[in-house]
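Every chain is named by a letter (A, B and C) in the order it is written, and numbering of its residues begins at 1.
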């Protein structure tokens, strides 16, 4: 398994602030690996994710470091070159599916546009492929769903559409920023399970950004714990939970409310 | 929300106000001109070198002192009846201040409680009020003003009344719109759960949160008031003949434009500067506050 | 009665337009049965947790039961008094004893009032003497220094604001406090503090809590009894440990299995179908479209909430013999 992404000493600063929002962050992501960036709000995890796509908010600037993707420093590319990578090799899944999908267009139009642009598919091919993708993410009646507008679908549906879109061009890397926070717990399980399957099938790597340590524990292969713009501890998941070292990690683990032992089958069942 | 809270807090202390002024060129400039206007208007009798109605018929149509034929005694020249333009300008400022401040206070006194009640209580009361507002706003405001003047007669207080009649809907609509947002916030629900009556909630929870917006609308209202007064006085429907107002000065000045263009240009310039400055002040306050606040009409 | 508050067949509906032109012309509206025939009671000096996902009606229940929203049906008995239809001064008398704390610390405090006034004004309204001293006492109870009284909400952090909201609620010396997702908007480290504070206050002031949350881990640590809600109905209710050891309703079991946990293995039930919403309520049992155990009768008739073991109620045809 080779190194797909290597973030080296990344530093990001916002206008008007006198300290870095991201201060010397380094980590790698291997092929077909789910890397977790975990931390509380303000830790800098979302910004780090966005910087890999070079989509920082207007008042943020990368002031140091490199982001090597397949050996190429993304920060040295022109905007045009970056655009070829975005949406095709590196895609994103955001927290709020309703705001990532354009409310004025049907699902079909949004998916087909992307497929045409990045894969060069023609109209009918693109539509067939879209149906296939929607089926793969477990959406019933994909032809019907394609004709709908985002607001006509539930949050869980929209998020699945987003995943379909994110994986449709067979990207090498997906940046998932709090993809399940807006979903109910049962749908969350479905979506996470889906992402795992996509990773296995397409050999895609995922950077999974979340504040939910328990969720990260169950989906990520490796986890980097972030605090105030720095990574305080980074380990394979099992090791992190078996023997956490950094006091902040320990504090986080302490504070995470554990549901504890519970039955998950009813007595009335078969 | 953060900037709204800080803004409100700043308005409460002198240091806060100074900080607010320093934060934006627009606010500083607008406020400076407004201050100059108010000071001039309030201290007019002391500042004005001459009685504005004192006629010196032998010395009519004098240009400003920096032009040939001018006289240092009448810095800005004289009009057709030999009255000192500077003095008339200064007293005109009093008129402008009196009219704009009073009209603004009155329209706010009507529009703010109505807007709050309408936006908070909703239901049939709100529907009724909005119907009245909609109908009222379909009449051209200047027409309303002129109609009222023709019924009541001219004079500075009738001008104020005309402005209020024509423009009370401004505060009502904008405040109501803001209250529609505020009433959904949890602290309003909290007040309900504690047992405060709707009246108490409107007075203590809603009103304080609308004050910053009121100050912005006030600047707008003031510039509208001055505009209307100038227009009415220009048309001879405004202040009485002996009261110097920029509007009547412009009308006069137009009639003897050939003999002394400055008679019209000077009050016109003053009017434009004041209205522009008030708008700039309002803009600056709005920017400083929160970009999402949009003003209708 | 040993319950501080009891709701019987409580109903709360919201009426909305359907968004379809035909319905607009025919004046047909959509009814959201946010709280649909709910029975729930809170024993004195105990915490009853209400769990469910967003859209299940738990927040609406919490607000309706203290008459913040007007109920559309059913009865509310508070301290042995039927408060369902009380108004004006009569209702105000009782309001003091039933307070609520909201989820969002950024919008539950009036940004234009000092902390001191936020807590003092309710005291003055209800005729407490020496209200300023009570304000300081309340601040102390929630672990905030006296000096905070002179500050404005925007000068405090989210966690601190939540404490102020608590101080406001307990200053009136209530008997019931509804906690509506009070830990959901704060960081995990602050959550633990708030929970600790809630427990301490409950001890100190003999409070009863109706604790609403979608977070099962939080609810487990603080509640003695838990009600599980789904689309406006209570589907299961039991003593906390009994619920976790022996869930009877398929939805409860699916919920338990779906929560990722650090200590225990994760085996979520991957339910078919979509997470339903109040807009698409089906005939019969509301969970039926997704239920792996659904039978014929589930699609036809709604199961009643019945007690099958001591203190353990469930609304499910599986148990009806």
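The definition used in the following text is that contacts are C-beta pairs under 8 Å (C-beta built on N, C-alpha and C of every residue); 3 or more make two chains touch, one makes a residue touch a chain.
Every value quoted in this text rests on a predicted model; they were computed, and no experiment measured them.
Participant: Just to be sure I understand the contacts, which chains border both subunit C and subunit B?
Facilitator: none
Participant: Which chain has its Cα centroid closest to the overall Cα centroid?
Facilitator: C
Participant: Relative to subunit B, which chain has the most distant C-alpha mean position?
Facilitator: The chain lying farthest from subunit B is A.
Participant: So the centre of each chain is just the mean of its C-alpha atoms; given that, what is the distance between subunit B and subunit C in Å?
Facilitator: Distance between chain centres: 50 Å.
Participant: How many angstrom lie between the CA centroids of subunit A and subunit C, rounded to a whole number?
Facilitator: Taking the mean C-alpha position of each chain, the two centres sit 32 Å apart.
Participant: On a C-alpha centroid basis, what's the spacing between subunit A and subunit B, in Å?
Facilitator: Going by mean C-alpha positions, subunit A sits 54 Å from subunit B.
Participant: Which part of subunit B faces subunit C closely enough to touch in the complex?
Facilitator: Going by the criterion above, the answer is residues 1-2, 4-6, 8-9, 185-187, 189-196, 200, 204-205, 208-209, 211.
Participant: In their complex, what parts of subunit C are in touch with subunit A?
Facilitator: Residue list for subunit C touching subunit A: 53-54, 187-189, 191-192, 195, 214-218, 220-221, 244-250, 252-264, 266-271, 274-275, 277, 292-293, 316, 318-319.
Participant: Using the touch definition up top, name the residues of subunit A that touch subunit C in the complex.
Facilitator: Those in contact with subunit C are residues 40-41, 154-157, 184-190, 192-193, 211-215, 217-219, 241, 251-270.
Participant: Of all residues in subunit C, which touch subunit B in the complex?
Facilitator: Subunit C reaches subunit B through residues 63, 66, 68, 91-92, 95-96, 98-100, 102-104, 106-113, 121-122, 125-126, 152-154, 165, 168, 172.
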